[in-house]
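Per-chain numbering from 1; labels A, B and C assigned in written order.
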């Protein structure tokens, strides 16, 4: 895979003793030689450009090779679960937005579903369709961001700004609907806040067309670029066993060859009515199953599939109200509920417990997909170059707001 | 509290939980304390002492293959309706290898093939054996549960906090946790209603 | 230079009375000053060029407010950087930390002394011009490793390590591919090399056979790497090493690194144009020897320089970054063999042309000019 920097010395990534990091200069092949090297501990982050927020990774390196690493999280812990127990159900939804701030609509959607199932609230048909539309638009925006930022991580600045052009249009769309560009509070318990207009749907169609047209351009700049492929092929391989054992979900799991998507295999909302493909990693794509390239490829494919879903949802949009009747001071009966849904980054799960006769949840537990996705780098990153580690973290597309909640 | 084959619940019983329960009852008859098979959140109640055996069985049984520990949560019950104060530790397991047939997806009610395990531990001494060696992904979830809820996972090499600083007082998700007056000299003003 | 001074001494009586050595020395000092100012201005405008081009490439505008079309942006940036607090980290090695940017600056700018900007428009017309340029630019490595080490920051050390590994490696194919042209030209004097390419476009060294053509690409690629331009910008890879060797530098010290980087870009662009792309030759036979025509030649060379700079900028904003091991692979396993083959090939070409075919023109000035 990667050639050693000094060709006459044994490659430190291979032939290492199983388990435990042995200090480089104490290893057998170096004893008695003039060359003396030391391991160095780097703190990558919390203010590092490639850690996507405030992740801190302590890396032990041999020159440029990562020998061991430990991620440290919690820098922007904002007590989302504690707040969930302290405020009324409907008040918690905006906090869900702020967990994964790049997929606020999806968070709201899943959060509202959990509360609705707890309170057995019916959602009007039209609202369900609108929810699917906004959630998939959000997925497109989030993936565009992920695609562009991955380019940035690998040193290609231009695709990052190109995707912003399309993303801006999408954010304007959601802005017209919800009044906010990043955090919306648009999906409400029992439906959605505002109805969509025909003008909005026309604009949506133009946006989808623009994304569809531009996507091949991004692929020319990244996916089909020779340097990009050299950087990502066979790098940071998360194989099926590792991915599953660590609880990795979303594009990273699918890239590892697990053909699983909540939207299709555990359908929530009305996803079972739409026809779409679930891309998953395969050996014929280039690189190998579960490497950085395939994770990137999955995201590109998912944008295409999301466009399909939105088009179907717009075509099937029924007439009717968009917000069901939810009593003031809503108090769901005692019970518990577990909901998981497919966020752009993976599966967001919400486990809620209600004791009844209370406006607040007794327990509101969230599982952010990034939390489990980033945990696995302790195992995967060993033996990579620092440049590859950046490629690996970038390809997992984490949002620290969700890791720390 | 539904029994397997009980005619009143059989129609709505969740087949995924039911199958796991049958396998558990057959292999580890002492492990299961209670089971709820219908409703929005079916689960199997497991004794803490048998948790690791149960988990290993669920993972290794070729017919079940729960190869992923999706989520570990804990629920604090300082004054439950019955019994003594306890903390429920809830495990949500997922299998990607064994999946129910397509009709399960369109089933009314629970159509998500997860399996929930519940372990009730006394609130005074909340200790649960670790499952980190069974599912490595449980590592961070156990740390978080310890951090926020104060459930000790035994059998691990170390159990550091994950989200909060090491010297943070108490475990904030406990119902009786009170805001400290200050932290390292920074005064803390609790928000309204907390 | 010398011709000019001689003319000047003939025209101005009091200069004629001074000893010739003194006039030459003073003349060279003044000329170097002019070149320094010119190169600095050019470097500043290259920053503007880069920002404008990248803006166009990235669906945005770029700086357009300071001066016409934002041309004076670099002055505003310079003032801003000057006004910034000058921070030297407490644990840094102070003297080395302060000295490093100066050495980098000297290395990058001193080479301009021997660079011809046009026929006869050169501060010091040396016979060893090419050799001097390559030697002076490698001083930069010393400055950079000093900067990385003195900062006492791990990222800076790593960046400096990468820089040294990369720059020392790439100087081999860079030097070898330039050597091929020296074989053809029979001289290291850059003005002479440029003069040999006057006339038709096929006189340009890049078109003198397949080996010279390959040498051009090797030279340009190696120059990109030696300049640490993307896709070889590993020493300052912002997403990996924060800012590489100049992580800890702020204010004007940072500006000096920045300026040195851009002036080196200009330097190598001119060098590429002079060595391979005909220097000030427009590509068809025209007399550019004297008077105002000389300045037209300089303009042509300037345009070629800008075009090469634009190519560098274009490459930088289109490609992702290489990985360190791939960079080394490219150098030692791709460019080095090609450049060795090119040198041998060009040597054979020269030999065949002189010994067996008796062609003088095909090998340039080997036998005393065109």
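As a convention for this text, a residue touches a chain if its C-beta (ideal position, glycine included) is under 8 Å from a C-beta of that chain, and two chains touch if they have at least 3 such contacts.
All figures in this text were calculated on a predicted structure; none of them were measured in a lab.
Participant: Would you mind checking which chain's mean C-alpha position lies nearest the centre of all protein C-alpha atoms?
Facilitator: A
Participant: Please identify the chain with the largest separation between its CA centroid and the CA centroid of subunit B.
Facilitator: Farthest by centroid: C.
Participant: What whole-number Å value describes the gap between the mean CA coordinates of subunit B and subunit C?
Facilitator: It comes to 66 Å between the two C-alpha centres.
Participant: So the centre of each chain is just the mean of its C-alpha atoms; given that, what is the distance between subunit A and subunit B in Å?
Facilitator: Here subunit A and subunit B have centroids separated by 24 Å.
Participant: With chain centres taken as the means of their Cα atoms, state the distance from subunit A to subunit C in Å.
Facilitator: 44
Participant: Out of subunit B, which residues touch more than one other chain, so two or more?
Facilitator: Residues: none.
Participant: Note which residues of subunit A are touching subunit B in the complex, please.
Facilitator: Against subunit B, subunit A makes touches at 73-74, 77, 79, 81-82, 85-87, 117-118, 244-248, 258, 260, 262, 265-268, 272, 335-340, 347, 349, 351, 353, 362-363, 365, 367, 371-372, 375-376, 379, 404-405.
Participant: Which subunit B residues qualify as touching subunit A in the complex?
Facilitator: The contact residues of subunit B facing subunit A are 39-41, 67-71, 73, 75-76, 90, 92, 96, 99, 105-106, 111-114, 116, 135-141, 148, 161-165, 172-173, 191, 193-194.
Participant: What residues on subunit C touch subunit A, complex-wise?
Facilitator: 54, 57-60, 154-155, 158, 161, 165, 230-231, 233-234, 237-242, 317-326, 328-329
Participant: Which positions of subunit A touch subunit C when the two form their complex?
Facilitator: Listed in rising order, the residues of subunit A that touch subunit C are 2-5, 40, 42, 48-50, 63-64, 151-158, 161-162, 165, 221-222, 225, 227-228, 230-231, 385-388, 390, 394.
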